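Just below sit the structures, each encoded as structure tokens.
Shared between the two complexes below is subunit A, which pairs with subunit B and subunit C, respectively.
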Partner chain A sequence: MANLAKAKVGSDRNRTFLLILIPVLILFVAFNTFPLLTGVFYSFTDSKGYGAFNMVGLQNYIDLFGDARVGNSYLFTFKVAVVSTLITNVISLVLAMGLNSKIKFKSAFRALYFVPQILGALVVGYVFSYFFTYIVPALTGTGSILASTEWAWVAIVVVCCWQSIAQTTIIYITGLQSVPEDVYEAGNLDGATGWNLFRYITFPLIMPSVTTNMVLVMKNMLMVFDQIVAMTSGGPAQSTESISYLIYNNGLSGGQFGFQCANAVIFFILIAVISVAQTKFLNSREEQL
Partner chain B sequence: MAELSLEHVGKTYPNGYEGVKDFNLQIADKEFIIFVGPSGCGKSTTLRMIAGLEDITSGTLKIDGRVVNDVEPKDRDIAMVFQNYALYPHMTVYDNMAFPLKLRKVDAAQIDKIVREAARILDLEKLLDRKPSALSGGQRQRVAMGRAIARQPKVFLMDEPLSNLDAKLRVQMRAEISKLHDRLGATIIYVTHDQTEAMTLGTRIVVMKDGVMQQVDTPSNLYSKPCNLFVAGFIGSPQMNFIDARVGEKGGKITLTFGANTITVPDAKAKALKPYVGKVVIAGIRPEDVVEEHEYAENKKLSEKIAATVTVYELLGSEAMIYGDVDGGQISAHLSATNPVRTGDRIQVAFDVDKLHVFDKETELAIVH
Partner chain C sequence: MAKDAFGAKVKEKVNWPVTILLLIGLITIIFPLYMAVVIAFKDPSEMTNDIAGILSLPSSWSLDNFIEAIQVTDFFNSFLNSLIITVVAVVISVLVHSIAAYAIGRNMDSKKLFKWSYYFIVAGMYVPFAILMMPLVKQTAILHLDNMVGVMILYVVFYMPMNMMLYTGYLRNIPIALEEAARVDGASTWTTYWKVIFPLMKPMHATVAVLTGLAVWNDVMTPLVIMGGQGVNTLPLAQMSFQTAFSTNYNLAFASYLLAMLPMIIFYVFAQKQIINGVTNGAVK
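What follows is the complex of A and B.
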């Protein structure tokens, strides 16, 4: 009897769990998995995004590798992603150490540094666009870097970093707080201070946070989009055209729907591979606390 | 190895709380000093001030004659064993022990020799390649000890190093630490709240309460001559019996009266009690100095008989404890395991009056031992 009752309670509970999960699953499949699969399907067509289309097999994929514009967008995106990821992580780690120390107004500072996170990327992009177009040239007496094919990417990096530092810093602060105080004290007594303390004790012990941040920031930066819409629209002369922007722009309004779907599929696979590889590599350097 | 001197050392926190007040202590080379006291008595704070992990607010700390108040922890030439071991989780046992030496740029061959020697002493040789997460509590504790030994410091500081171990392991490690002290001939300062650890390990014990040093003495003196009520109650388990008693004088003898019981104080202790005639004092007697009728012995100077009712009987194996009510108070006593007394029995006990302690009720200071 007791077992039966237990089984009944169990099945009731399972039904509740299913009731919670199934609607979400349906929504996820409808708005994520299904479009993804549709996208894969269209990547084998010459669809313009409207009207009739023909199946073209792997032609889109073959063309992708010969397309200079696509090639340039990959180069630009990876350049921005790698540079931004490094800069964001270094600055965030320094900030986190400052905000984790025994300083006055610590909470106020933490709140202040978190503000960029709650602002929309487009808003931030427009603000910085104004900043680079009017304020910086007025201060330095030079032209806007947004108008320079050589330097516009730097402006994108600055904006991306400025915004992503907020969340990255919070994750580093959490990581730093998980290191037991007495381990630092033992380090101090053993002669590790300053740089040695960071190198031998702090950094190895916050490797889990480093992994999380490297993967998250890299992924976000590879998908850079809003900032480009707000600041350069891919220009000047397509010099700041990111992969996402190219897929969006040429896929939806450039009549290359099928072709850019193929691009999106390749891009998706690439990000997945990079994230998994990064996690694997960095996990091997993590330590169990 | 080293001598330490703490002169009027005090610690006041920014909020005005005084953690340690006017702490004075000279520690000789090779001494094993124990700081003992209840939680929050300032013992760990004092240790951390010696380590340099807490600032000293007032007073002077000297190691080998050099004032080190403002010297960095790493330059004080001390090693510390922490309560939670504080091992470096990302380093192997070997690297944990080698780390302080590497930072001091000792050459690799020398490091290897020192680490292996420390590992041999602590029986860690087979664990050198493991990380702390793969070790048991007792093994981690030994690694923490090994790291301190490898460092070859002037002074070892130990902050409740055994408190996270189970009872059996604690007894084992206690013996290990004691052996280690003999072997290294090191100056050790050891913090604990466990009075058994304090009594068994220390050459001298510092008893602290509320940031104030109560008594510094050898374990046996602390036990037989506690300077005040707190020390008398803190050292010894089960603790000393305390009974409020009125001092009287009868036929030239000094007496103590509680309830219907009156005992005569031996002449040797009578003089100190003279000024207290007519006043209430606190009489203290340890459970082993309360003798039950069946165990009266010739060689003990026993008091008048006191009637008691046994409320609790505990057989501990080789011996037993009884707790009972007497007129005017309660009392606990050690019995031999063969003693037939059991719960509910009406018995007669007597105090071994040579071991009687008397404390001033107002100041709580010892009047006579």
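What follows is the complex of A and C.
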């Protein structure tokens, strides 16, 4: 009898869990998995986004590799992502150590350095666009770097870093706070100071934060979009077209729906592979320590 | 805080050089905002072509630019739209993602379907919006969801992977014995969840609300592609259409940018600790 009652309660419980799970799964499939699969399907067509279309097999993928504009967008996006990730992490780590030391006005400093994180990337982009168009040229006496095909990417890096440093710093501070004080004291006793203390004691111990930040920033930067819209619209001469921007621009209004779907499929695979590989690689380094 | 041998706090020496360096570094944060403020308050006639003309304080702190910007961008309308979208997306995310995580988290160790569902949903984190964007434009149009409702539904779906991971991670720390006690008292699974588990996940609700809220409030791409060109604006979208229409009047533009930043800055002043904690917890967990 008791077993029977228990079994009944158990099956009620299971039914409730299924009643929760199924609608949520349906919602997720309908607005994530289904459009993803539709995207993959369209990548094998010559669809312009409207009207009839034909299946073209792998033609879009073949064309993709010969397309200079697509190639440039990948080069640009990776250049910005790699440079921004490195700069963000170096500055954030230094800043975090400063903010974690025995300073005056500690909480006020932390609150102010965090402000860029809460602001919208688009509006920040507009403000920096003005800064690079009017203020910087007036100071240096040169033209605006936003008008230079060679240097406009630097402006994008600056604005990306300005915003992403905020969050990265806070994560490093959390990492630094988790290092117990006596570890440093032991290091001091062994004669480790300054750079050595950082290199052999602090850095290995905050490796989890390094992993988090590297993956987080890199993934965000690879998807850079708002800053491009606000500052360059992909120009000058398509020199600052990020992958997301190109897909948005040519896929939705440039009549390349099918072709840009193929581009998006490649982009998706790249993001997934990079994120997984980066996590694996950095995690393996953590375990060694 | 250092302590002496008897456990009393020792007054520590303030590191002044670092304090001063940090103070100097703050210029990089404050300068762009200072620039936005002084330009927003100036009359266009005060803007000369040299830096001094741009960066000096305005001769009078007039609100004219702000009043005009409010009218030109239909500020209150787009503010309200942003607010509705954000609040609804956050509330539904907290309710739906937490209960979904409960169903999955409590079963994923024993049942394949739930375990598989977990990885299926969490893998969604690797799907960039760029690939969903084009099909979703078609799909939402067909379903008549190319409007604010559609945008809200999409946010609930887009942030599900991240929130699912956060909630299930947190759930592992809540002992199952607590639920069993409630069950013995005759409470159904549903009641147990809302009465016992949901309140216990409060810290994670805060984190999820902050992360989802910040992302949704500042997002440009989703409303742009789903309901762009329909005259319904969110706050960032209003800046975009303003930019294309009146890009030459910088004083007006900066007043508009400041207005767009203001709600979040005010919110940050009051909820600073929760926001910083939320962002940190979300990333570290």
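In the analysis below, the second predicted complex is superposed on the first by the 259 of 289 C-alpha atoms of A that agree within 3 Å, B and C clash if a C-alpha of one lies under 4 Å from a C-alpha of the other, contacts with A are read in each partner's own complex, and residues count from 1 in each chain.
In this text, a residue touches a chain if its C-beta (ideal position, glycine included) is under 8 Å from a C-beta of that chain, and two chains touch if they have at least 3 such contacts.
Because the structure is a prediction, the values reported are computed rather than measured.
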First (subunit B), second (subunit C), both or neither touched by A:115: second
Subunit B or subunit C, by number of subunit A residues touched: C
First (subunit B), second (subunit C), both or neither touched by A:153: neither
Which superposed partner A:74 touches (first subunit B, second subunit C, both, neither): neither
Subunit B to subunit A touching residues, read off their complex: 51-53, 72-74, 78-80, 82-84, 86-90, 99-100, 103-104, 131, 133, 147, 151
Subunit C partner contacts - residues on subunit A that touch it in the complex: 9, 12-13, 16-18, 20-21, 24-25, 27-28, 30-32, 34-36, 38-39, 42, 49, 95, 98-99, 101-105, 109-124, 126-128, 130-131, 134-135, 138-139, 162, 167, 170-171, 174, 181, 209, 212, 216, 222-223, 225-226, 229-230, 243-244, 247-248, 251-252, 257, 260-261, 264-265, 267-268, 271-272, 275-276
Residues on subunit A engaged by subunit B in the complex (per definition of touch): 180, 182-183, 185-193, 196, 200-201, 204-205, 207, 287-289
Parts of subunit C lying in touch with subunit A, wherever the complex brings them together: 2, 12-16, 18-19, 21-22, 25-26, 28-30, 32-33, 35-36, 39, 49-51, 54-55, 96, 99-100, 102-104, 106-107, 113-114, 117, 120-121, 124, 126-139, 153-154, 156-158, 160, 183, 188-190, 214, 217-218, 220-221, 225, 235-236, 239-240, 243, 250, 253-254, 257, 260-261, 264-265, 267-268, 272, 275-276, 279-280, 283-284
